[in-house]
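One structure coming up, written as structure tokens, with questions to follow.
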Amino acid sequence: MGLATYFRSIKDAIATIGEGMAITASHMVRKPFTIEYPDRLPDGVRIQDTLPFRYRGILEVDLEICTACLACERACPIDCIVIEAEKDKAAGGLVMTRFDIDMAKCMYCGLCSEPCPTGSIHHTPEFEGADYSLESLVRRFVRAPTVAYRPKKAGETDPVIKPILDRGMRYLAEFAKGGES
Amino acid sequence: MSLAGFEVEVQRSKDDGGVVTEDMTLSMGPQHPSTHGVLRFVIRADGEVMKEAIPDIGYLHRSIEKIAEKVGWHGFIPYTDRVDYVAAMFCNHGWSFACEQLAGIEVPKRAEYCRVIADELCRIHSHLLSVGSMAMDIGAFTPFTHAIREREYLNDLFEELCGARLTFHYMRIGGVGWDLPTGWIDKLSHFLDRFEPLVDEYDRLISFNKIFVERLAGVAPVTAEEAIDFNLVGPNLRASGVRYDVRKDEPYSVYPELEFDVPIGTGEKGIVGDCFDRYIVRMREMRESCRILRQCITQIPDGPVIAKVPRNLKPPAGDVYVRLESARGDMGWYVVSDGTAFPHRCKIRTGSFSAISIVPKISRNLMIADLIAVIASLDLVAPEIDR
Amino acid sequence: MAMDAAGVHARLREKFGDVVGPLEASGRNASATIVPARIAEVGEFLKTDPALRFDCLSNLSGVDYPKQGHIQIVYHLFSYPHRHAFVLRVNAPRDNPQVATVSGVWSHADWQEREAFDLLGVTFDGHPDLRRILMPEDWPGHPLRKDFVEPESYHGIPTSRESLLKA
Amino acid sequence: MADLVQSLFAEATWVHYLVVALLFGAIVVFGLVLPIAGITTWVERRIMGRMQSRIGPNRVGPAGFLQWLADGIKNMLKEDIVPTAADGPLFRFAPYVVMVGFVGTFAVLPFTSALIIADLNVGILYVTAVTALVVVGILMAGWASNNKWSLLGGIRSAAQIVSYEIPAGLSIFPIVMLTGSLSMQEIIKLQGWAPWSWNLFANPFAFVAFFIFFVSALAEGNRTPFDLPEAESELVAGFATEYSGMRNLLFFMAEWGNLYVIGAIVTTLFLGGWQIPFTFESKVVQHLLEFATFFLKAYGVGVLVPIWLRWTLPRIRVDQMMSMCWKYLVPIAFVNLIGTAAWMIWSPVWLQVVTRMVLVVSAAAATMMFAHRVVYHLEYAKLTRAHLLFNPLATTRSPG
């Protein structure tokens, strides 16, 4: 090791360490990047409301517009959706007796909400899913046997269902439309 | 935990004074702070100097290749996210690419651009974690958080693009699942404007710091021949001075339309192929990714983002091997179809798997602290090794 | 000088004769089937021949074909100097699959063969360190075989849990 | 202290001495050492947070100030685990040895012109001797844990501390030569309040000696870039791997407290100690100001700068640490020693005055350059005013 190298390495060390210290010092006056979730957000803001529309959180089913077509059940790669529906002439179509989603198994891939014709099954921005038991992670949507929704040719007019269907269709519009044969 | 298969021969040596010394066997991992997931090394060391380090893998084996045979062509895409969760886009891309090759599906141009944008963002995403955790393993904590901060911004972008921050499930067979959201391109270019100076800042903060350079330069060099023999890929291969990039040399997607350089290791601080080269190649690749992204922003055409693909896809019988440049290098997907709705076999050859197999060779006579640098510089990601 | 698949195949045929099967497919996936016991020699030749120079074993995968009664080992080769690729296939009988090791030719094959041994039960003759790599040492069977049945439990730990969706 | 006891008790026996000594020790430990070490943890974590674009502890008390108390209470309530295979007595005893090595130095720290427990005439020698106890404790901890990572940490620490004692000691000599005394108070009294009358700027050799002493002290205090004994990414937690609860806390308290001790010694030797420019009628005001001066100097140099360094620099490797000591610090320290002697003998008075001024001016210039770099980095990152924040205690960022 020559004397020149010896002093150059001392000089290098001082210069680069000084440079690094200048950068860390400059960070002392920069704003922190942290969002203090959940309790120190600006007033009236829920973090869920700031998430994008496509956010894939906990699954939700709007039974009002579910057609019981079982497309989601078929699409699910891990079979975490179970739907039971029977033809019932008296009630006027399909009657759903069961629509369960095992959120403990769900991997939030979004494959179920893609083929849904009405946007009934969709991801919400909710992500806080911790619970005390596995059983309570199963979401059972059908409380009492429900008649499946039947799309109307002329468009929906029911004031209750209309906004739900509009939201569903808007959700569907986000997906890229490929072939469905 | 048994040491089956890892019986390290205890070597006793006698020096002239008649003192008998024994080698020390250390088990590093699977819960060691710097083994990046659950890796384990059995180290035979003489004091601080290692005589050998034997990797023990399989702690994160989730049998993804077996799952592929059970879930069908479309259903496997979310699983590919888990192959390498640090750079999930590439696995999405690899699987979709392989299936498209098998089934002969033409991907729309805009979808290819969407894929490249997602890929390159993901490359930055992954390299940030790599260089950040490398700095942390060397002992500097601050650069890591700076890298994570930028990564957070990217996560927000991904979240808006595909609804998830880690397991993207963005690509589909035949295209991508979602078109770019409105205003997303502006956010992306804002990110690039903000990110490029911060890469320089990161360089000044840590890359050329004397201590950092001293720790990495000349440590565990891999020659070009060794790298090819052990099939090192991507940044690890390029650091050894081999100018090979799948994006350039066997172009796929729209990479031929894009202009970028392939940085290689030059041994600027030590020997070609040492830890520092592997590190600095990643830093430079991030800049190249920014360049590619800027070109994509201006060149992206309009049009559909997914082709017509039957929901019940049954590719004709046959096999295909596709390669694409993931963040950890040339990722190979060997997919065999037997003409049914389920893949017959899917083999994923990942960069980390070959990278870890070279560790016993290059870690001889290094110090324990150097092993940390070697692991970090090879950018080993445990899920990708075990799959 | 990059060589197309037909050229590579012709050169192999010239050297090894019937050990090398006919050329299948074309382009990047062009392949030839090799006799299991001779794969190491073929590999050595492919690596050292100056016109071929396949210095990189890009991938080694095992595929179980129960109907055909064999396990196929697929070698994807790549040449960095010439930038060309070729695929070798080796068929080994399912009940006692034995293939010569190529770990002496390409170091990468060492771990890849261990993986094939672990997951498919293919024995690579002459492999220096053939033991399980991903699965535990005492795991029964080879998971990637089509007839593999997952055990109910492993050391008293159940391998699956009952579905919460059972009616 | 003997005077104090005699003035309190007419007929002082050894019992009185013992009781007063113990009381005094308790006051020092609980009134000074614990709060200093504790508050330093909070300061460090806050500063670290800001340097890393984070906030740092902010839940317990205003701006998280009481976090150190919460941590202390938590650690005291935690289970005290002694591994079965460990050497029990040694394992339990080790943290106390480390604590003794660190608290012992407080006996000779001159907080003001009068507030000093014992103004030993070999004060600075005493400090170097007592701090060496720390290495015994760490080595004990490393060995008794019966864990290979701990042992590696302990051995690293022993090698490190013993090696760095040498440049540290050699850098004290120039000051001892300049002042002609080993007593802490004497060394301070021979300096003035103004920077140009500090030992730091006395001659170029003392100036270099300051940096060598500082680096060596960092190494002795196991601080980054020399935190090899507990290198968390290599040795899990080094010698402290097997420790939990209060015993673990004792190690860390010693580490943080040691920072302050380093600062106090550097202040005494190089930075003019408690010297203030004015004298006051009131003894109380005088001593308070002196104490504040000393405390701030010591805290700034000994705590804030090492924290800043720690969150900037990576860790060096064990062989590099040794080569740095023996190839760089020791030779330069010897040059300093000889240089100071030569300077004292041959330099004319005018040269001494000019050199002092040149050194002060160049130090100021270096500070200015540094400040310029800081501003440059802020501008380079293209941050708008909205990204800057000058209130270090404010915490919230709006999401999105």
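We just call them A, B, C and D in the order they show up, numbering each chain from 1.
Here is the rule we go by: a contact is a pair of C-beta atoms (placed from the backbone, for glycine too) under 8 Å apart; a residue touches a chain by one contact, two chains touch by 3 or more.
Note that the coordinates shown come from a computational prediction; the quantities given were computed from them, not determined experimentally.
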item	value
Selected interface, A-C versus A-B, where C-beta contact pairs are more numerous	A-B
Most centrally placed chain - per-chain CA mean versus overall CA mean	B
Most widely separated chain from chain B, with each centre as the mean of CA atoms	D
Centre-of-Cα separation between chain B and chain A, whole angstrom	27
Whole-Å gap between the CA centroids of chain C and chain D	61
Between chain A and chain C, centroid-to-centroid distance (C-alpha), Å	41
Rounded Å distance, chain B centre to chain D centre (Cα mean)	42
Numbers and ranges of chain D residues touching at least 2 other chains	51-54, 311-313, 377, 381
Multi-chain contact sites of chain A, meaning residues that touch two or more partners	17, 19-20, 23-24, 27, 33
Chain B residues counted as touching two or more neighbouring chains	142, 149, 201, 204-206, 209, 211
Overall pattern in which the protein chains touch one another (line/ring/star/complete/other)	other
Inter-chain touch pairs (all)	A-B, A-C, A-D, B-C, B-D
Footprint of chain D on chain B - complex, ascending	24, 26, 32-34, 47-48, 135-142, 145-146, 149, 193-194, 197-198, 200-201, 204-206, 209, 211-212, 214-215, 367-370, 372
Contact set on chain A toward chain D in their complex	10, 17-36, 40-42, 45, 47, 50
Interface residues, chain D side, partner chain B - complex	48, 51-54, 148-149, 152, 155-156, 224-225, 227, 231-236, 311-320, 377, 380-382
Partner chain A, residues of chain D touching it in the complex	47, 49-55, 58, 308-309, 311-313, 328, 370, 373-378, 381, 383, 386-390, 392, 395-400
Parts of chain A lying in touch with chain B, wherever the complex brings them together	9, 12-13, 16-17, 19-20, 23-24, 27, 33, 51-52, 54-56, 75-78, 107-111, 114-115, 123, 174-181
